[in-house]
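For reference, chains read A, B and C in written order, and residue numbers begin at 1 within each chain.
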Amino acid sequence: MSLLEARDLSVTFGGVHAVRGVDIAVERGELLGLIGPNGAGKTTLVRLLTGAVRADAGTIRFDGHDITRAPAYARARQGLAMTHQLVRPFRDMTLAENVSLAAAHAVTARPLAALLRTGRGAARRRAGELLERLEITEFAGRGAATLPLGVQKRLEMGRAIAIEPRLLLLDEPLAGLNQTEAARLADLIATLNREGLTVVLVEHNLAEVLRIATRLLVMVEGAVLASGAGSEVMRRGDVRAAYLGESRAGTGEGRGARG
Amino acid sequence: MEAYILSLVVFGALNVMLALGLNMISGFCGQISLGHAAFYGTGAYAAALLSISGLPFAASLALGALVAGALGLVVGFATLRVREDFLAITTMGVGFLFLGFVRKQEWLGGEFGVAQIPSPLSPLGFAVLAVGGALAMVALSLHLRRSWMGEVFRAVAADEDAASTLGVDTARYKLWAFVLGTACAGFAGGIYAHVTGLIVPDAFDFIQSVTILAMVVVGGIGSTWGVLAGAVLLTLMPELFRFVNDYKLLIYGALLLAVMRWSPSGLAGLAALVRRALRSSPA
Amino acid sequence: MFHLELLVVGLIWGAMYAMMALGLTLVYGLLRILHVAHAGVFALGAYAGVLTANATGSLWLAVPAAIGVAAAVGPLIYRFIYAPMLSRPPYVALIASIGLFIAMEDGFRLLFGPYGLPFDYNPWFVTTYSLGGISLNVVQIAMAVSTLVLAGAFGVFIAATRVGVAWRATVSDPQMAQSFGIDPVRVRYLNFAIGSAMAGAAGLLVGLLNNLVEPGMGAVVSYKGLAIIVLGGLGNVPGAVVASLILGVVESFGTVYLAAVLDRDAIAFAVLIAVLLIRPRGLFAPAR
């Protein structure tokens, strides 16, 4: 059984089919690269999976449970974490506080417990480990809004990992980073995946995706066009055609495009 | 003279409770409410009617807070899907709805309100009770800020959707904020009803809501000590400067405007600036 | 007949609300500010009108006075209050606006007395016409007509003039508009001037209709205006007009049929809350 399985997912925004009839299965342990030209519906698909957008039709199963109607927070509790394409830190909190809050998910799941407890120790330790891991410890005490984009991207990832997910959906984590930064963050994603975390990576930086993904899924115009090993998929004529006009595709250039 | 001071103490303490309660909702959790007086009124009416029906004072107070908190839960629930500007207007609407409803209810005394509410305590007793209640709410507010709930509130205030991706049931937290904040107002309302012995609908109008908001904002939205200072300051101001009384609304309005214009984080923000300046300049 | 009369009276009130709500929704559409102090401008227009009329003995002179003073003050409010707050969270401008409005209201009370100023001479109030058996005075007719004219003129302005097109472009995409050489700041001033002019006219008409201009006259209208623009879908101009008319009619019938449960001024909010429970972004909100 796949870890995540979506069948026939569709959603329409103001008459436009953003995602139409998508079937997608994410296997345990894989690092699935989700690519496609701008407007292909990748971000919408991620938002459907995390519950930020409700599907008009279709079903989503996570680890055997039907989560199609589950709200975003319930999906997160089941182990579905995400990062946002445009970073969304809690702006008036420090970096450490941002990640600590996520690390305290066992407490914050129960409001009464959250009201009674003040101890920050365990969550702060866990957050400290993650910051170490993400190599952003030096920024721990800084206000999240004042950090450089590269750090904010890592903050997003740290927050997502802190809820101990089984599946991590990354929406263009490399966008806006320079080549060195992008490569290092991609390495980190690959390492997390090797350690057992299943990852879906939506990304425009094809070079990095091809380098670290264990499988590729190509979306075009709201539908899945192709799926398979990276080199195979990229050789297909229809995939190449879909990318024609995407002049920067394949160059690995960082960009802040919308998906 | 002594009676005057005691009543001033009572009203100051009531304002502290109201402002701290609103601050839990709007300051901590970021849910702007423009109808806080409705919950103050609910507590006052509930406690007054219960007392008149023969219930002991303490039970009436507790039930008044409970009824206000329950109404807060209902309003919170009804407004869960409404955000920011829509929420501000909806809560303002709740205030008008409360007033429009109460004015027309014969069993609530209509325009004339409820009179002959028993007065079980001496003026000194009321002052002690009110100050005790206010201090308890200061303690609650400080604890709330330090608790994980307070931390979640900050996150919800900053970015609700991002908070929910971390497994936080933001709706339930918002309801908690509403219930805690409105119960505080209801408790204050119960004391108010028994202190004055007479309540009329107009005591809980939009201007009252704005006055509470003014205390929160002048003190510094989100800061317990700031809000405490704001409530005390705005209670004392008309008393200290007699002329202020005639221009009370003009000054409240101008103060709201001036604080928003030049120091949106209020007295607390100014205090932080001063502290920082003192620290950085070699003394 | 009775119901028809309720309907007509309701529509006339609705027309007055529409004149208020247009300004509010214009400001919201452009700046995302809930401009509570718009009601202060409304009352200011009424005061300018009554003072002029009583000083000169001419109601006709009161019209430009009300509109002119309001149209001058609106942009000043933008310049000195809202403009410096645009980068702050939305509640900052909202609270400032409430503060300004309360201060203005109290200012009117202190300057012109708590009981308000009646018109010395108000022939429009006493001259009535019978239309299909319903008797209306000139002020009521003027209210309906001026709303029709203003709303129509505004529609033409938006659709057909250069400035109107610039205005629309600025609302939908300020940066794009700017790159086409439209100065967004000028559009904002214009926005405040037009919206405030309408509020001033509405204020004068309400003053004439009650034959009294009083300090608190803006309050209820202001809060209802906010309810209306939320109902109409914030920033949605036609939505605001339709919501105004609906509210006017609902209130008119409500004062007869709901009088035992709710007072007139609470009806708007009862409708508002009921609608928001079903459609959290208003009746005519655009899809996502």
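General observations
Just so we're on the same page, a contact is a pair of C-beta atoms (placed from the backbone, for glycine too) under 8 Å apart; a residue touches a chain by one contact, two chains touch by 3 or more.
Not measured: the values here are computed from a predicted model.
Seen from the Cα centre of subunit C, the chain whose own Cα centre is farthest off is A. Geometrically, the chain at the heart of the complex, using CA-atom means, is B. Per-chain Cα centroids separate subunit B from subunit C by 31 Å.
Measuring from the averaged C-alpha position of subunit A to that of subunit B gives a distance of 41 Å.
Distance between chain centres (mean CA atoms), subunit A to subunit C: 47 Å. Contact residues on subunit B toward subunit A in their complex (touch as defined above): 143-144, 146-149, 151-152, 154-155, 158-159, 161-170, 172-173, 176. Of all residues in subunit B, those touching subunit C in their complex are 26, 32, 34, 78-79, 81-86, 88-90, 92-94, 96-97, 99-101, 103-104, 206-207, 210, 213-214, 217, 246-250, 252-258, 260-261, 264.
Residues of subunit C touching subunit B in their complex: 28, 32, 34, 81, 84-85, 88, 90-96, 98-107, 110, 219, 223, 226-227, 230, 234, 259-270, 272-273, 276-277, 280-282. If you check the complex, the residues on subunit A that touch subunit B are 50, 52, 71-74, 76-77, 81-82, 84, 88-93, 97, 100-102, 104-105, 107-109, 111, 113-118, 159-160, 162-163.
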